[in-house]
Structures are given as structure tokens and as C-alpha cells.
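You will see subunit A twice below: alongside subunit B first, and alongside subunit C after that.
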Partner chain A sequence: MTAVIHDIGYRRYDGPRLGRFPAALALARHSLRGAYGLGRPAKSKILPFLIAAIMMLPAVVSIAVMALLKQEAISYPAYMVTMEAVIAIFLATQSPYMVAPDLRFRVLPLYLSRPVGIVDYVGAKLAALATALFVLLAVPLTILFIGELLIDLPGPPHTHDYLAALVGGVVLSVLLASIGLALASFTPRRGLGVASVIAFYLFTSAVSAVFVGVLQSVGKSEAAAWAWLANPFFLVDAVQVWLFGTNPIGDGYPPGPWALVIVLVVTALAVLGLLARYRKAATA
Partner chain B sequence: MAILATEELTKQFPRVTALRQLTVTAGTGVTGLVGANGAGKSTLIKILLGLLPPTSGRAQVLDMDVGTHGAQIRRVVGYMPEHDCLPPDVSATEFVVHMAQMSGLPRTAARERAADTLRHVGLHEERYRPIGGYSTGMRQRVKLAQALVHDPQLVFLDEPTNGLDPQGRDDMLALIRRIGSEFGISVLVTSHLLGELERVCDHVIVIDGGTLLRSSAISEFTQATQALAVEVEEGLEPLAARLSQVGESVAVQGRLLTVEVRSDETYDAVRDAVCDLDLNLIRLEQRHGRIEDVFRV
Partner chain C sequence: MNTVVADITYRAMLGRKRIWLLVLLPVALIAIAVLLRLIAGVNEHTAVTLMQTFAIGMMLPLLGLIAGTGVIAPEIEDGTIIHLLAKPIARPVIALTKFVVAASLLAVFAAVPTFIAAYILVRGESGVAWGFALGSLFGAVAYAAVFLLLGVVTRHAVAIGVIYALIWEGLVGGYVPGARKFSIQQWAQSLADQVSSSPFFTTDVSLSFAIPAMIIVTLGALWLAGQRLRTLSLTGDD
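Here is the complex of A and B:
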């Protein structure tokens, strides 16, 4: 008996060719998996999963407190501000991964020579990072809520707070993703990208804290209320307060929709910066 | 059908003019785009892909205007850039599957096509290893595979033989020939080496400084200067004299006699002369004019 390997030659593809949107969706899915190190070497999984585990700690402790002491330990809307440093580290380490390799290894022209345009590319990367951030926050919040329902504290469950925190999580994710990507996209070097995002976080939180401290000590509490908003995490907390009347983490924010306006303006500026950056890269 | 056509195409950068009123067309098959570094080859490809807007003039790819139908063009065209464009930490398979999806193929089709295409370009077991460990030859194959994976109607190959050793160069050229003939995909391939393109191209476009030097079928390039090389054991001088007598133009180059082929009768004249003079014929071969000759004028 003889085995023959037939060279079947070149076969044409006459199956479906999907449009831009499915391609962009595939890119978003690929990038989202990549943000958690899935489909990447084992060592790329360590940091995102470690951070995700740390994000769970307050939820676990809180459930234990609820079970033992029958009282709420951490409020849902406060979760993101409590964990701001951890979320910032995730943002700093994962946003350069989203954009830097494609710039550094010059993969971008391969995307742009396909139906995927700049808007699709940037949109997919933003959606992927925002989703990754939201998952990071929403999973512990949801586990905490399930815990609360199971333990059945006296009084009604904090459903309103939980939902408010989820909406706040969406706002925070979109805001941070656009800032993170905009900063990271300016350098093809990953280390530099990490440093610039971390520097941005440290700078805003330090400026915010210093101004709040100084303004409060000289008795200008109204100005201090504005100073809180320099920190993106307090900014989103202020949005939650305005939208849902949750308890502010800071000592009160300026009244009115200003926090939301600032969030929208900053997000729009970051996205415009990103698009401009990629328009320039596309013709290079 | 014209796979590409430009009309008075001009591209002006702030400091240089990359293309100057270039009007050129190319049909199906393998078309070579030849020019020195900086002649405007890559700029032309980027304009044809719709990635770079021309300063003035028009360009069409597969009968679609690059200005208005960029997205449709990019669906049915493949592009292999000149520069390195591969991430090191993924395998060739993963990368090519991903790029197939970016061209709009559903996931299962993308997997199938990627496996097929990688086999066609000659990447076998190594396709599961990260690209970071590949040789230049293997990288070029991956770059070619991602350009072919969505079964385009036309591929732009920008300097595909760059950095390859002679063997790799031959393999790549043979592959390009197969893409044009067996795969039925039209090819626009650029090179600054004229000699290597004449082996695989049906048509050659020569540009220099952004302007067209020449555009013609490969047969015209070679026909124009077709000649016969004749080598005999002894008696080169009498043979030359005899051939001149019957009206052929001959030149003695060392031990070789070069006879310009005017028509089929030239072959008969050489045969008769060798017979009549009773010479021992050692060699009688076609001498192709080289594409380089267009620059020697």
C-alpha cells in the first residue's frame, strides 16, 4: 500500500467577506483577551490576574464582615476610589500593551491596508481597554452584591448603590481607557508608556490632594470642592453623586453636572488626540 | 482589464516631490515596478492602497478610484510592506489568522486559509513557534502569507527579496511567479534590482525620480536587443566575414561572435555559414537584452 500526498494546489476563497464592523469587533475581542494576557505567553498573564485578585480583596473582606457583624463594610460607590491605585496600575501596565507593539513593530500598516480604518482601529482598542477595566471593577462589585443578597442583611439590599456603582464603573472605564491610550500611543516604547500613565495618575492625585488640603486650610471649601475633581477617580465619584445621589467620598463636590461635563470633555479630547496621532502614523 | 491605472499622478511632500505626473497602466499577471531607492515606488503603492492622498491626478485599482473607493479596494487587495511588520511574541499561525480576520474572514475560514497560505509560502512546523525566532527568509514568507491569506485579486509586494540570500531570493521569485500564474492573483512587485524582476514579470514599469522611464511588456524589453552568441572551435574570423557578407551585423567579443537577430533568417544564415566553412560549432545561444539596458541609453 502506498500513501500518496496530493498537492491540491491553490484554492480560491469564495466564502463570506464581512465588513469593517465584524473586523473591528474581532480586533476588540483579540485586544480584550490580550489585556488579561490570554493568547499571550504565560508571564503576560501574571500581572493582570494578580491585579484582578487584589481587586477582589475588599469584596471578600467585606463579605466576611457582613457575615460576622451583620453590617455593611464598604459601600459600592466607594469601591473604585478605595482601589484607585490598583486600577491605575492596571491601566498603566495594560494600555501600552494595547497600542505600543503595533507601533513599535510597525504592524499598523497591515491593519490600515485592510478594510479596518483608523476610526475602527482606535474604536476597537478603546472598547477593549474600557471593557477590561470595567470587568476589573464590575466582577468584585457583583460578587459583593451576591454576597450581600446571600447574607441577607437587615433592611433592604443596596441595589440602587450597586447599580450606581456599575454605571460609575462604565464612566470611569471609558474615561481612563481614553486617557491611558492617548498617553500610551505617543511612544512605541512600552516602558515609557507605563511610566507616562503612572506619572499622569500620580500627578493628578497629588495635585488634587495638595490643592484640597491647602484650600481647606485657608477656609475656601468651595474652591476645595473643585480641586477634588482634578483626580479622575474623584471626578467619576462626583458624577455618581450627581446622577444617583450616592454619598461622596470627598468632602462634597461642586453642585450641578460639572463633573459629567468635565468627563465628557476630557474623554473627547483624549479620543481626538488619539485619532490625530493615528492619522499621522498612518501616512508615515 | 487594467489592474491599476494612474493619470498625471503627483505626490508632493513638504520637502520632496515623490511622484511627478505619473501616467501608467498595468494589466493582469505579474508587473514589476523598478526604480532606485527613493524613486517613488513605495509612495505609489501607498497611494494605490488609499493610505496616502495624491496631491493631484487620479489613480484607479481594479477599476475603482482610490479616492472614493479606498475601503472596497482594501478588501480585495493584499499588501506586503517593505519594512519589518511582525510582532515577535506570537506564532505565524496566530498572526496570519488574526490578519485574515482583519480582512473580514470569519474565524473558522480565517484558520483554514491561514493554514493553507502558510503551506503555500513554505512554512511548515515552525509556524507554531513565536515569530521572534525566525530567520529573515521565514519572516518574508510570513509577510507574504498575511498579504495572501484573504485570497486577494491583486497583491502589492514591496521589495519582497530584500535581505534574502541568493537561495532565498530564488525561492521568493519562484513563489511570486506561482502567485501570478498558478494562484491567478495579479502581482505588483517592486525592486531596485532590475535583473531579478525580468525572471518573473510579464510587464515592467521603470520609474526614476517619480517619473515614468518606461512601461512595456517584458517581451519587448528582451526583443529589442535580442542577439545570438556563437562559439566555434576555430575560424571565428572567416565566419564573421562570411556573415557580414550576407548582410548580418556581427561583433567579435573575445572567443564569442555576437549576431544580432533581425528575423528567423538570421538563424539559417548562421547555420549555413558554419556548414559551408566546415567549422565545429560549440555553442549557439540566445542572448537576452537585460532590463538594465534601459538605463544605458
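Here is the complex of A and C:
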């Protein structure tokens, strides 16, 4: 008896193949939606939208204050430092979502069997998380700015501050996204990923607070200026101050471009670590 | 208490990546204490600042979260808890065992380093070291029970625990004095304040409130966790 191969009508795909870049873009778009719980169960939408709503509170209060008292309540560059804990919680809860399921269910080879390479995959995830963070910060800033324009305070609008805060937001988003993903990608467990990212934030902010306090109390204010930079939010604030001359939130930072240098070095290290992690995960 | 369950849980906690978080924070605390000793010398004010912001304010809730949820949540997440629950062991006993493991880990990784760090900074002065060690020990027990309960109740235990520790104890507790009454961190500080006589350290929750609250919360959380385990359903999300 001879074996017969039946033709059951499978057809090859012969439409256009978009290639590497659109594939990475689709992945980034999917991840960005996922960061806000879109395309996921209703339960996953609660936390990101709750956080986004909390992020809006200072803007709303500030607009009310501007409308009633005709004075500025919260300055644009101070927004991210004021809301640092909220932004950190968003980072900690959403960055494991970006990377953990793919690692846990070992689907990375499926991605990599397509035109998407490791660099594209990591780049797409980074871009998605950074965009999610930026949206989280930029939306309340923009609403605050629109509010200020509509209320028409005495004096010129704070356009310079607003734009400075947006650039600061971009720097902060890229920095936090790369650190958050690098930390979260080391474990396929979501809970542990959340814990390690929040541990990073709490650790740096506590170290910064303790050293600033102690160094100032012993009169070493020059060293205290450096201790501020241990906290990523104050680090980015220092970048804003150096680039745009905005009012510093801490009691003064070290002069010169050091904050920006630190941001660039830390981001580069985090991205390199992330790439190394995925090179290993892809072969496993 | 079931020693086999305890043994398995210890191995799961200490044998994986989780151990790094448990070790790194206390090591960092002691390193910072040494560094501060070199910068500022023997200084009670520094010691109290470090203990309040770092040891009790940051390390204790974080380690509590990692240990408290870590003893049970991963097993629920990947479904292996079913093998444990299928054994003829009373569910409340399982909860109690997991709690004892978490609390003992916290005693080693939170309370002992807290004592060492404070001792490096001030020696035995004003009972700061003993006070904070005791405070963090009792705080650890309460955190372990609460976060264990959280780990049984929800898949998002760590996220909710982080929100409690950061938003409620940190932000709200910073502005609203009433919120401090319902914060494990503050109860731990009240205990520490009772033992230490340092003038740099005051707390605003009275001991007569903190101790009963701590006991009620610990026992209540443990009992609830045991009850929840009896009717645990393994449903996936995400």
C-alpha cells in the first residue's frame, strides 16, 4: 500500500510582507495598549487608569486654584517630582507585564522566528513603556497648560516651563523605562518583577533622602548636592535645571552637565543589560 | 505547624532569585550605616534618621512584601499549590506554617540587620538599636501576616501591597495624622520609641493602641488567610 498525500487545500500567504520595521511597530503598539490594559481583561485596566486619574489630580486642583485665586499653584517642572511615588508604582506594575509573560511562556523563539530580531523586540518594548510613561505625565501637563491659557493669568503664559517639563518627561520616561524593563526581565514571575522594580525606586529615594539629610546636618552641602542625584526623579529634575534653567526642587544640584551624563550612562547600561538578558533568553 | 511544608517553603524562598532581594537590602543598610559612621561619626540623630527612613520606612515593608507574598503567591500563580492543598493537612495549618516561615525569614533579614546597622552607628546609646530591632521584629510579624493574606486573596498581591505601603503609609500618612493610626510602620515605630529614650525620635501613635492593633491585625489576617485557603479557586487571569 502506498502512502498518499492528500491536498486538503492549504494555501500559502501571498499578500505583501511588511518586514522588520512594521512588525516591531505592531509589537510596540500592542505592548503600549497592554500597558494601559487595553486588549486585556477588565481587571487589568483598573490599576493603570486609576494611576492615570491620580496623576490628573494636581492638574485639576491647580486649574481650580488658578481660576479662583489667579495665581500659579504647581509649576510644570515640579510635576514629576511631586508625583514620583505614583509614577514609580505605574512603572513597577506595568514593566513586568511588558516582559514577564513572554519569558514565562517561552514564546520568545516564536517572535524571533519572524523578521523581528532581539534588538527590535527590546526596542519595541522599551519604546512602548517609555511612551506609556510619557503619556502618563504629558496628558496632565498639557491639560494644565490648556487650563492656564484659557484662564489667562496676568503675565505671559509659562510656555518655556511647559516645554521644559515635556522634555524632562521624555528624559524621565526613557530612563525609567530602560531601568524598569532591565530589572523586570530578570524574572519571569510578575510578583517578583513588581517587587524588584519598586525596591529599586524605594532604595534610591531612601538612600538619597538619608544622605542628603545627614550630609546637610554635618555641613557638607556640596556632597549633599550630589546625594540628590541618587533619586532618579531628582536626577531628571537636575537635567531640566541644567538644560532650561528651571527652578530646582532639591536645594541645588552639582553644577554642569553631570546629571545628563549620569542619565545617559545609566540608560545605556540598562539597555545593554536588557540586550544581554534577551540574547541569553533567546537561546534558552 | 507542618515541618515538611515549612521545609519546602524555606527551600523555595532561599533557593531562587528571590533571595537576592532579601539579601541585598539588608547588606545595603549595613553598608550605608558604615559609610554614615565614617562621614558623621557616632551620631544618634543620624542613626534615628537612617532607621526611620530606611530600615522601618523602606526596608521593612518591602521585605515584608517579598517574604509575605513570596511564601504562597508563586505557588498559587503557577498552580502547584493544588498539590499541597490535596494533602490531608488542614488549610489553616498550611497558612500558619507559611506565616511562620515568612516571619522567621523577616526576623533574620530585617530585624537582625536593623540592629547591626543601628549598633554600628550609636553602639548601645539610648536603646536606639534595641528599640528599632524590636520594633522591626514585631512590624515584620504583622506585615508577614497581612501580606500572606493578600497573597491568598489576589493575584495582584505585590501591586496592592506596594500601593498600601507607598500611598497609604508613605503619602497619606505623611499628610493626614489619622492615617498613621492604621499603619503597621507607625506601630513598629511606637514600639521602638517605647524602648529607646532618644530625644530625636518621637512617634504619634500611642503604645496602648499600637500593640492591640498589631495583635488583632496579625491574628485576624492569619485566620482569614486560613479560611480563604479552604475555598481557594484556581482561575487564571491575564
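Everything below uses one rule, namely that the second predicted complex is superposed on the first by the 275 of 284 C-alpha atoms of A that agree within 3 Å, B and C clash if a C-alpha of one lies under 4 Å from a C-alpha of the other, contacts with A are read in each partner's own complex, and residues count from 1 in each chain.
Here, a residue touches a chain if its C-beta (ideal position, glycine included) is under 8 Å from a C-beta of that chain, and two chains touch if they have at least 3 such contacts.
All figures in this text were calculated on a predicted structure; none of them were measured in a lab.
J.: Is A:Thr283 contacted by the first partner subunit B, the second partner subunit C, both or neither?
T.: The first partner, subunit B, only.
J.: Which partner does A:Phe203 contact after superposing on A: first (subunit B), second (subunit C), both, neither?
T.: second
J.: Quick check for you: in the superposed arrangement, does A:Pro41 touch first (subunit B), second (subunit C), both or neither?
T.: both
J.: May I ask you to decide whether A:Pro115 touches subunit B, subunit C, both, or neither, giving the answer as first, second, both or neither?
T.: Touch partner of A:Pro115: subunit B, not subunit C.
J.: According to the stated criteria, A:Ala195 is in contact with first (subunit B), second (subunit C), both, or neither; which is it?
T.: second
J.: Considering only the touch criterion stated at the top, classify A:Pro101 as touching first (subunit B), second (subunit C), both, or neither.
T.: both
J.: Mind working out whether A:Gly15 is in touch with subunit B, subunit C, both or neither, as first, second, both or neither?
T.: Once the two structures are laid over each other on A, A:Gly15 reaches subunit B alone.
J.: Where on subunit A do subunit B and subunit C both make contact?
T.: In subunit A, residues 40-41, 101 are touched by subunit B and also by subunit C.
J.: Report the residues of subunit A in contact with subunit C in the complex, numbered from low to high.
T.: 40-41, 43-44, 47, 85-86, 88-89, 92-93, 97, 101, 186-187, 189-192, 194-196, 198-199, 202-203, 205-207, 209-211, 213-215, 217-218, 220
J.: Which stretch or stretches of subunit B touch subunit A in the complex?
T.: Answer in residue numbers: 46, 49, 51-52, 71, 74-75, 77-79, 81, 83-90, 94, 98-99, 101-107, 109, 113, 116, 120, 130, 146, 150-151, 178, 182-184.
J.: Going by the contact rule set out above, which residues of subunit C touch subunit A in the complex?
T.: Subunit C reaches subunit A through residues 17-18, 21, 25, 28, 32, 36, 39-40, 43, 45-46, 49-50, 53-54, 57-58, 62, 65-66, 69-70, 73-74, 77, 156-159, 162-163, 166-167, 170-171, 237-238.
J.: Hey, which residues of subunit A end up touching subunit B in the complex?
T.: It is residues 9-13, 15-20, 22-23, 26-27, 30, 39-41, 101-102, 105-107, 109-117, 282-283 of subunit A that touch subunit B.
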